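What follows is one structure encoded as structure tokens, with my remarks underneath.
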Amino acid sequence: MSNAQYEVTIGLEVHVQLSTKSKIWCSCAVKTMAQVNSTVCPVCLAMPGSLPVLNRAVVEKAVLASLALNFQLNYQSFFDRKNYFYPDLPKGYQITQFFTPIAEKGFLELELEEGEKKKISLERLQIEEDTGKSQHASTGSLINLNRAGTPLIEIVSAPEIKSAQEAALYFKTLCDTLTFLGVTEGNLQEGNLRCDANVSLAEVGSKKLGTRREIKNLNSFRNVEKAIESEIKLQTEILSQGGKVKQQTLGFDANTLTIKVLREKGESSDYRYFPEPDVLPILLTEDDVSALKKKMVELPSEKRERYKSDFELSQYDASVLTQSKELALYFEEVMSLYKGKAKNAANWIMVELLRFLNEANCSPKNSPISPANLAELLLLIDSKVISGKMAKDVFEKMYDEKKSAKALVDELGLSQITSEEAIGKLIDEVIQKSPQQLSDYRNGKDRLFGFFVGQVMKLSQGKANPDLVNKILKEKL
Amino acid sequence: MKITPELTQKIADLAQIQLTEDESIYYASELAKIITSFEELSKVNTEGIDPLINPLFDHKEFFAHYQGTRPDEVQESLSTQQVLKNAPSVESGQFKINSFVEE
Amino acid sequence: MSTLKRSLLEAHALLKEKKISVQELTREAFSVAKLNEHNAYISLFEDLALAEAQKTDDLIARDGVKGPLMGIPYSLKDIFLTENLRTTAASKSLLNFISPYDGFVAKTLKEEGALLVGKNNLDEFAMGSTNENSAFGAVLNPLDKKTVAGGSSGGSAAAVAEGSSYFSIGSDTGGSIRLPANFCGLTSYKPTYGAVSRFGQIAFSSGLDQASPIARDVSDLHAVAQALLKKDPKDNTSIALPGGGLSSLEGASLKGKKIGIVKDYEGKVSPVVEEALKKAKEAAQKGGAEIVEVELPHAKYAVSVYYLMAPSEASGNLARYDGVHYGYRCQDAENIEELYKMSRANSFGPEVKKRIMLGTFALSVGYFDAFYQKAAKVRRLIQRDFQKAFSSCDFIMAPVCQNTAFEVGAKRETLDLYMNDLFTIPVNLAGHSAIAMPTEDFIHGKNKKATGIQLIASQFHDSELFKVSYALERELQGKGSKV
């Protein structure tokens, strides 16, 4: 695929479901798994006479997101109506923020390869509401309004993204940032984040942007990348054959990896935006914002920096440990109790713990081995109570039986033998049993040292401390 | 300002109301009369004037300090039966309508 | 012809003195209501009301009469939602709509112990000034059945004037309670915007609508208003009036009050109305008030502003009537597009369709700035006119309508009809409060060409408005103090 003559320009609009307990305009629960039409009230059903009342937590989460994304807050912002008819939109309009959103002019920093960083400008962050869901059968379409009124923030990027990979990275970075912040659950399978991608191509060196097409409702990092790749290919074909790209709205079939045209943009929607008279303006004070600033948490990019500088971990290790909020918090909890070498903790978590957790599809939050337990295990290894090899067996037992390291070590009598006297006795016993090897060794067969080590370890059932064995054996042989 | 039956038909489409040909002629004439009378507004000097949307929006004392908002608490929803009680057509606990293709 | 036997407060006194029972009051009310002389009702709830009346009588026997509204038969404009009872907005779209919840107004009056007689007829979705736009037929004026009751709360006015309810709650968006009150010889109150919760009130124009009581006189109105004036968490645009609601009418006086007469309204009314205005002015002066001249130079644009902004909001508020989740659905629709377009075409009457299209047009791309936005800016200028006027007077006195009630069924030009609201609209645009009262007792007197005036107070001054209205009413009708 040669698109060397074309420069790609991508802008992304991401809709994020906020992790509040109740909906934006009413007190119905925000629940993903609920029986159809069971979290619906006169307000989200848009019954005659119903009125929207704003959920305070929505404003707070929107402000937190704005702060984390380096936005300028509009201390007074307003709501507007976006008018259109659709079966999953019971009011016949969506309450959104069109004219004066809560935040404008922010940026998101992407961590590219080789430590390179790139800032993507963000145009706006606005508060709005989600629609209901429809299901299609041969006899008709069915509407479930449970999701109607779920609070959303929409984040619009500037058209500064330059490749499909960058777009996927942007989506992932945004998702991680907002999940760590506690503003969203960040569960893509449940549709917590959805992305619309605007893609246009222009000849390299051209000052104008090409006509863009919009791919709607991409719901995974992979889909974002694949969809944009396909779209770039399609547009390149059109343009290189001398054709013109039409302003169209597209959908992406994730199964067949194909782009399909949903509608011609020209024939859409005059949304007749006008100020929402039913909702009072949002008015933030300095005190409100200061109070929220105190709730700011360390963001994933900040954690990675800290892990590299304070814990001397590599970029790779830092990235793995910050793959989810739960894992990062798990690691930090371990470190607060262990206080030893971070690399040790990191290795055990990244290799051993993750292996078990992934197999069991378990979140670090629910890990059978608590951070305290893992910290204890690491301390036992460091103080040489058990060897590294033994620790692996103990670890597996800890996971299966949910017992602490110390309890298991005691129970199984696994403590390493560290008394020089005891080791001396074991060595004496082995030497006694192996007179031939002894004389061979003393006559120059140095390799037999390993034999004696092995015999001591066997006799001690692996519990003898290897370093001490070496030391004392040297003395005695 | 010319309000033709064609423009009226477009407006009716936006408002999702079906009009017969006679109706589009009738409403075109009605709307034209009304809209023409509004043209007097164009003579009013509104330079630098803020629009007035709701008489309470100027009164910050009613919405400062989160007053116009509610706490993030869950309260009981309607039962599914109540939700569907006035529905013209229902299937599997959901509102049923003619099939449509999702956009 | 009116059978209005007594006022609300008189009925209350009789209940307290045990000279009458709630059941008697209720049966009396229904005997008039069922005659249906004026088409004042869309629904009547006789069995329910009589059962409720008996319970109320038992409560009174046990604990006495708790408040002035307890046991009093009343009615609601059929835009206020009532739990498990039909609410139609006088529209085919909601012919059989049963609400699962009580709106603020219904709930509050239920808690006060008032007795709901039925739901009053209105202009469909509160759009109209003659109550001829109802899917249930026109409402006739009890003072003269050949004339209109006025709109959009025509049914509310007719119900109180004919004597089938002691008070009704109507609504006022651009004059919809003051005009029918004016035509039927009754008194009405449009609260400061936000003073009464709109939760459970079918929306026409969100930034203008207010629930508005109508009753026989100011003191009856005062008793009703007191129950309704409180902040409701279910409507974020509802407020508590500063000073905590209405103060008592005791000691109400016109002495030293400056009453503004609007220069721009001069010469704009018929001789009958001119005469009424003159009478009211003189009564105010007799009571000790000073008459001053004020200006509302932009008020002449009020009708254009209103008929751009209100229909725009309505085009949004009525979008939910699409036949998908509730309401009327066209059964012949063969696809989703027809479902919407045919359902809505069959749901709404011509006036409603007209206004929806007007609003859709005013908001559409290319027209938004010149129409909706321009109107909103001129609305600001009207608000400023009022601010300036109120700096030189305490209250404004103005006519309610240029004419008295006109003939039912006569063909009228839309623009002429819209001009009915010329004097009432500016009050809603600025969010102020007003009380409209008759200038004589038309209900019991010979003169059936009812007319009156309105007193307008600045935002949040509803309490003072009541007092000065009470004082003026006393001067006009020679009523003794009831308080």
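By written order: A, B and C. Residues from 1 in each chain.
Here is the rule we go by: contacts are C-beta pairs under 8 Å (C-beta built on N, C-alpha and C of every residue); 3 or more make two chains touch, one makes a residue touch a chain.
Remember, it's a predicted structure, so these values are computed and weren't measured experimentally.
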Chain pair with more C-beta contacts, A-B versus A-C: A-B
Maximum centroid distance from chain C, chain identifier (CA atoms): A
Averaged-CA centre spacing for the pair chain C and chain B, given as whole angstrom: 23
Centre-of-Cα separation between chain C and chain A, whole angstrom: 56
Between chain A and chain B, centroid-to-centroid distance (C-alpha), Å: 40
Chain B residues counted as touching two or more neighbouring chains: 14, 16, 51, 53-54, 56, 62-63, 68-70, 78, 89, 95, 97-100
Shared-contact residues (touching 2 or more other chains) in chain A: 42, 45, 53-54, 85, 87, 141, 143, 145, 270, 272, 277, 279-280
Residues of chain C touching at least two other chains: 97, 100, 206-207, 233, 236-237, 315, 319, 322, 324-326, 336, 340, 360, 364
Chain B residues within the chain C interface of the complex: 8, 11-19, 27, 30-31, 33-35, 37-38, 40-42, 44, 46, 49-56, 62-63, 68-70, 78, 82, 85-89, 95, 97-100
Chain A partner contacts - residues on chain B that touch it in the complex: 14, 16, 51, 53-54, 56-57, 60, 62-66, 68-75, 77-80, 83-84, 89, 91-100, 102-103
Complex contact set, residues of chain A against chain C: 42, 45-54, 81, 83, 85, 87, 90-93, 141, 143, 145, 270, 272-274, 277-280
Partner chain B, residues of chain A touching it in the complex: 20-22, 27-29, 35-42, 45, 53-59, 85, 87, 134-145, 216, 249, 251, 262-263, 270, 272, 275, 277, 279-283, 285, 288
Contact footprint of chain A on chain C as seen in their complex: 79-81, 87, 89, 94, 97, 99-101, 103, 198-203, 205-207, 233-237, 312-313, 315-316, 318-320, 322, 324-326, 336, 340, 360, 363-365, 368, 372
